[in-house]
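Both complexes shown next keep subunit A, but they swap its partner, so subunit B is in the first and subunit C is in the second.
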Partner chain A sequence: MLRKMKVLRWLVVSALVFTVAGLSIAQQEEVPGVTADTIKLGSFIAQSGAVAPIGIPVVHGAQTWYNFINDQWGGIYGRKIEFIALDDGFNPANTVAVVKKLVEEEKVFAIVNPLGTITYQAVFDYLVQNGVPVVSPHGNAVFMCQPTVHTAFSIQPNNIAFGRTLAQYAVLKLEKQKIGISYVQDAFGAELYQYVTDELSKRGVTPVATVSYPGTETNFSSYVLQLQQAGAEAVILLGYLADAAAILREAETLGYKPQWLGTNTITPVLYQLAGTAAEDLIFIGFATDPGTPYHPEAYLFTLLLNRYFPGEAPSGYSEIAYIGAQMVTDALSIAGPDLTREKFIQALETFKDWEHGLTPKITFSPTDHCGIEALWLVALRGGGAVFLEEWDWTQY
Partner chain B sequence: MRRFILWSGALCLLALAPLFLRSYTLYILNMAGVYLVATLGLNLLTGYTGQLSIGHAGFLAIGAYAGALLPAKLAVPFWLSIPLAGIISGLAGFILLIPALRLTAIYLAIATLGFGAAVAEILPRWTAVTGGYQGMKVPKAAFLGLTLDSDVKLYYLALIIVILMILLARNIVGSKLGRAFVAIRDQERAAQALGISLTKYKASAFFISAFYTGIAGALYSFVVGYISPGEFDLAKSLLIFMMMALGGMGSIPGSVVGAVFLTFLPHWLSGFRGLQQFIYGAALVLVVIFAPYGIWGFVRRWTMPDKLQRLPRPLRAVVEFVRG
Partner chain C sequence: MLAQLIVSGLASGSLYAMMAIGLILVYKTTHILNFGYGDMTMFSTFIAYMLLTWYKLPFAVAFLGAIACGFLLGIIVDRGFLKMAKNAPITSLFIATLGIGMILEAVAGWVWGYDTKPFPYIIKGPPVLLGSVVIRRHDLLVFAIAAAIALLLFAMFKFTDIGIAMRATAQNKRAARLMGINVGQIATWSWAIGVGLGALAGVLIAPIVFLDLTRMILVMIKAVAAAVLGGFTSLPGAIVGGLLLGVMENLTIYMPAALAPLKTTFVFLLIIIVLAIRPQGLLGESVGRRV
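And then the complex of A and B:
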C-alpha cells in the first residue's frame, strides 16, 4: 500500500514536471507578443511632465489607427492589436526601466511609435541586442536610421534632411545671401544647427548672425535685435513653436521682417500665437495638414480621431503617430498570418513608394531604413498652410 | 548573536535575490542603490550637520560624467574610476564651502540651488568633453576581464558599493567627526565655543557628502548606460532631498527606507503617473506635520519601550527579537 502510494506520487510529480517543462519549451518557440488572437505592441511615450503636450497626442494618434483596425476588421488576420504605451516621463533612466518591462515582462512583438531622442538613445543598444523591431520613432535624430540597423525603421525625416533642406532652400531657391540662424540649446537645435551650417558652407555662404538661447528663454528682444542689426534677409528658426512665436512677435514690434524659415515644429497654430507676424513664414512639413480641404485621407484622420478621442484637436503630433501606425499595420498585413519578427522586417523592406496620401513617398530596402527623404515646403498664408513644393535635398 | 543572525540572513537574501527576481526589478533595485548612496550623502550633510542643500544633483552629475569619461576618454580602469569620480565630486564640494561658512539655512539653500543650476548649464555646453545636449553613452564597466553587461552583474556591484558606503557612514557617524557634525547642527555657537572648528568640519561634511553623491553618480552611469545633462536638474535634487526627508533626516536606516521607497513608488504608480507629483507633495507635507523625523523616526518612536506595550503581541515579539 505504501509502495503504491510512493509510486503514484512519483508519477504525478514527474507528469507535472514534464508538463511544465513542455509548456515552457513550447513558450520559448513562440513568437514574443503574438498569440492566436493578439499582437502586443509596446511603446515608450512621455505622458507626464514637460513633454506630455507632445506625448499625449502621439499616444492618441497611434491608438486611433490601431483601434480602427481592431474595430473595423477585427485586427490583422484575426489578431487584435494591443498597443501598450508606457509613460517614461521623458527621463532616460525611466525609459530603460519601461523598455525592460515591455520586452521582458510584457514580451512585446515590437516597439512602435516611441517618442524622443535621448529616451530612444538610452535604450537603443538594448533593443538592437535583443532583436526587438522598432518602427516609427518620433524624433529627428540621425542615429535612428544611420547607420542602418536590421531591426530599426524610421518614418520621420532626420535632422540631416531638415537642416540641409532649409539651407538649400534659402540659398538656391530664395537666393538670399545674408542669412541669420537662431537655434535652441538642446539636442534638437544643436544637431539641426550642425547640418544647416555645414550645408551653407558647402554653398559658400557664411551666416551674418547666429543666436542661440536656452529652452527656458522667454525674452527674445536681444536675439532679434542682433539679427536685425546684422541685416539678415532670411532667418532660419531652429526651435519649437512657442519660441518661434516669441521671436516673430518681437521682430514685428521692431518692424523687422526677414524671410522666416522653420522646421517641422511649426504648424498653422503659429497664427494663434503670433498673429499676423506669422504671415509668409516658410516651414518644412512632411505630413498633410489635417485641415486640408478636399483631402479624403486627412478627413478620415480627423474623423477617426474624433471618434476615439472626442474633443481632441488634430495636430501634427497625432497625425504622424497615426501614419506610423499605418506603416506598422501595413507591414503586419504583408507579413502574413504566420507572423514572425523576421517576416515583419522583410515586409517593411518591401515598401516602395509607400504612402497613404498624407506623406511623401517612402521606400525601404535592406540597406536603407530611413523614412521620408523628400520634404514639403509649406508657407503660412492667409491663416492657413499653403503647399509650395516638394524638395529632395539629395538632388543638390 | 541575534543581531548577527539577522544581518547575515538579510545579507544572504540580498545576495540570492537575482535568482528569483526579474531583470526589470533588479534594474529598479540598482537605481534604488544609487539613490540610497546619494541620500546617505545628503543626509550626512543636512541631517547630521544641518547644512541645507538642494543642489545635490550637481554632484550626482559630476560623479556620473566623471565615472563615464574617465574610462571613455582617459582609459582609467573602471574599479578606479568610481572612487575617482567620488573624489572629483568631493573636491567640487569645496565650492559650496564658501557660501556655507557665511550663510545659513534658506540662504545656503539658495546658494546650493545656484550650484546645481550652474552644473546643469556647464555640462551641455562643454560639448568637446560631454557630448552636449545629446548626452553620451557610458562604456560598459569591465573588471578583470569580466564585463558588467547585465542587470544581475550590476546588481552585485551596486550591492557591494551600498554595503561599503553604509558601513563607512556608520563609522563616520559614530566617530569624532560625526559628533562634531551633530554639534554644529544643533548649536553652532556652542560647538565653536567647545573648540570645534567650523571651517574644518563643514569642509569635511561637504567633501564627504559630495564624495558619496559622486559615487552614486558614477554607479548611476553604469546602471543606466546612458547619461544626458537634462536629467540632473532641480527636480533630481529635490527628489534626493525628499528621500532623505521622507526616510528620516539624521538617520542611516532612514536614508535606506526613503531611497528604496521613493525609487519604487513611480513604478508602482505606473498607471497613474500624473498622481506621482501630487503624492510626493502630499507626502512631504504629511511628513513635516506628523513625522518630522521621517518614516524611520516614526518607526523608532513606536518601538520605544514605553510605546512597545501598546503594540499587539506578535509585533512586540518581532521587535524584541531584533532588539536582542
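And then the complex of A and C:
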C-alpha cells in the first residue's frame, strides 16, 4: 500500500512537473524565435553581387558582437544569439522571399542589421503587418523612422539629418552664399537634394547651380563645367564615392577648387580614387574611425573583429553593424528574461543618450525611433580623415 | 565654355569610339553582337590592374598583359564556346556571349573583389592648355591611339591577306569558303583582335572612369550607341559616332534645367532621329534588300 502511495505521489509530481514544463514551453513558443537557450535573429544582407563589399563587412561586424556576447556571457539570460543573415543580392525581389523565409519558416524574433533602402522598402509593410521588430537598418532613407512605426527603429542618421546638416554647415559655418549642388538621379540623391534645398531656402540661399546625373554616368565633364561657370564657391555632392571621385578629378583638371562637401558615402578611400583632388573635402560621419589610435572602443572592436574574422580589415560598414548589434543586445538585456517582442520594443524606447563610445548619443522614445541626430563633420587632410566638430542640426 | 564642352566631349567620345572599334570588328566578320564585350574588357583590364598592383610590374608589361589576355579570351570564346554552339541561331549566340560575360563578372568579383579600384594614367602631368581650353594629356593619347587603330585596321582590311579574307567572309561566308578561305580561322582571328582591342580600350578608359565590375558595361552601352550612330559596319563610322556622341552628351547642358533628368534619354532620341533619316548610320554601308 505504502509502495502504491509512493508510486502515485511520484506520478502526481511527475505529471505536475511535465504540465508546468509544458506550459512554460507553450508560453515560450508563443514568442517567435525564442527558446529556453536561443534567441533567433534574422537579417537580409547582400553577400554576393555588386553590394557584397558592403554586405560582407556588415555581416561580420554584427556577427562579431553576437559571437562575443555568446562566448563571453553565454548569451542573454542564458539564451545564445543565433544570427541568420541571408543573402538577398541587393535585389528587392529576393529580399521578399528571404524575409518570408526568415519570418514564416525560421520564425525569427526580430530583423536586425538589415542592409539597404530599396530592399527594406520592399518588405517594410510586410514586417509591420506581422509585428516583427526591425532594429539598426543600414540606410539613410527617411521612411525607416519617420513617421514613427511602433516596431521599426533606426540607428544611422537619415537623409533629413544629412541634408540639413550639409546645408547648415555650408551657410552658417563656412559662410558660403554661392552654393552648387550635384546629385545622383535616384531615391537616395533626390531625397537628400530635397532636404538640402529646403534648408538652404530657409537660410535665404538659392543654389547658383544644380546638376543631376544618372547613376550610369561615366562622363562628368559638363556637370563640373556648369558648376565652375556658375561660380559656385562650395559644392555639395549628393552621390556615391566613385561619382565624387570622378567629379573631383574632372574639377582638378579644369583648375576648379571650390569647397567640396559630401555626405556619408564619402570615406578616406576617396583618396585612392581621386588622389590629391580629394584634399580638404568635408564630409559627414557618425562613427569613430576604427583606426583611431588610443581609442579603447575602436581598439576593442578591431580586436574582436580579428578574433572572429582573422585578417579582415575593420571598416565603417563592419563598425556600424557592430554598433547596431550592441544596440540589439542591450535592448534584449533590458527586456528581461521573460522576453517578448513588446518588451523588446519597450526596452528600446527607454534608450536615453545611448552609446558605446563609437557614435554620438542616441535617444529613442515612443514617438521617436530615429537614431543618430547629431553628426560629425570630418575633413580629408593629409591622406586621412580629421575630425572637425559635432553638429546637431536640430539646434539651428 | 562651348569650346571646353566640345573638347571634353571629344575626349569622352574617343573612349566610346575605342570601345566601339572592337565591337564592330567582331560584328563585321561574324555578325555576332558581342553582349559580353564590356565584361571581357573589364576582365582584361583587371589583369593589367593585377600585374600593376599585386606583382608591381611596369606599366608597359601590364598594358601588354591586358591585350594578351583580351586576345586569348577572344580565342577561347570563339573556339571554346561558340564553336560548340555553331548550329544555334545567331540570336542565341548573342545570348551566349552575354552568358560568358556574366561568368567573367562572377570570376572577377571572386578574384579581385567588388569595390571600385583606381587605375593610373598612362601619361601623367598637368593638363595642356589650348587657349582657354583645358585638356588632359591622357585624352590626347587616347585621341592618337584611336586614330592610329582606325588607320591600322583600315590598312589591314585593305592590303593584307587576312584583312581581305575577313572582308570576304563578312560579305559571303559560303563563297569565301569556296574560294579556299578558312572561315573558322578568320572568325577566331576576328574575336582575338576584337577582344584584344577591347582590352586596349579598357586600359585607356579605366583611369577616367575607374575599374570595377560594371563600369565597362556602362561605357559599352555608349559604345554600342556610337557604333549604331556611325553605322555598325564602319570603323571610321565608329570613331565619328563616338566623338559625336561625346559632344552631344556635353551639349545637353543647354537643355532647360527642368528637363535635366531626361538628358541621357535625349541623346538616344537624337540617335533614333538620325537613324530614321539615315538607317545605315552616318558612315555605314547602305542596306540592300531583295524584293
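One rule holds for everything that comes next: the second predicted complex is superposed on the first by the 368 of 396 C-alpha atoms of A that agree within 3 Å, B and C clash if a C-alpha of one lies under 4 Å from a C-alpha of the other, contacts with A are read in each partner's own complex, and residues count from 1 in each chain.
Just so it is clear, a contact is a pair of C-beta atoms (placed from the backbone, for glycine too) under 8 Å apart; a residue touches a chain by one contact, two chains touch by 3 or more.
Keep in mind that what you see is a predicted model, and the values were worked out from it rather than measured.
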Side-by-side fit of subunit B and subunit C on subunit A, or clash: fit
Does subunit B (first) or subunit C (second) touch A:186, or do both, or does neither? first
Identify the partner contact of A:47: answer first if only subunit B is touched, second if only subunit C is, both if each is, neither if none is. first
Looking at the overlay, what does A:93 touch: subunit B (first), subunit C (second), both, or neither? first
For A:101, decide between first (touching subunit B), second (touching subunit C), both and neither. first
May I ask you to decide whether A:117 touches subunit B, subunit C, both, or neither, giving the answer as first, second, both or neither? first
I'd like to know which partner A:303 touches here: subunit B for first, subunit C for second, both or neither. neither
First, second, both or neither for A:222, with subunit B first and subunit C second: second
Tell me the contact category for A:125 with respect to subunit B and subunit C: first, second, both or neither. first
First, second, both or neither for A:245, with subunit B first and subunit C second: second
To be precise, I mean the smallest distance between any C-alpha of subunit B and any C-alpha of subunit C in the superposed model; what is it in Å? 5
Interface residues of subunit A shared by subunit B and subunit C, listed 185, 214
Where on subunit C does subunit A make contact in their complex? 1, 4-5, 8-9, 11-12, 109, 113-118, 127, 134, 136, 208-210, 212-215, 218-219, 221-222, 246, 249-253, 257, 260-261, 263-264
Under the stated contact criterion, what part of subunit A meets subunit B in this complex? 47-48, 86-87, 89, 91-94, 96-97, 100-101, 104-105, 117-118, 121-122, 125-126, 141, 185-191, 214
List of subunit B residues in touch with subunit A within their complex: 22-24, 27-28, 31, 121, 124-125, 127, 132-135, 137, 151, 220, 224-228, 230-231, 266-267, 270, 273-274, 276-277
So, in the complex, the side of subunit A touching subunit C is made of residues 49-53, 185, 210-214, 216-219, 221-223, 225-226, 229, 241-242, 245-246, 253-255, 269, 272-273, 275
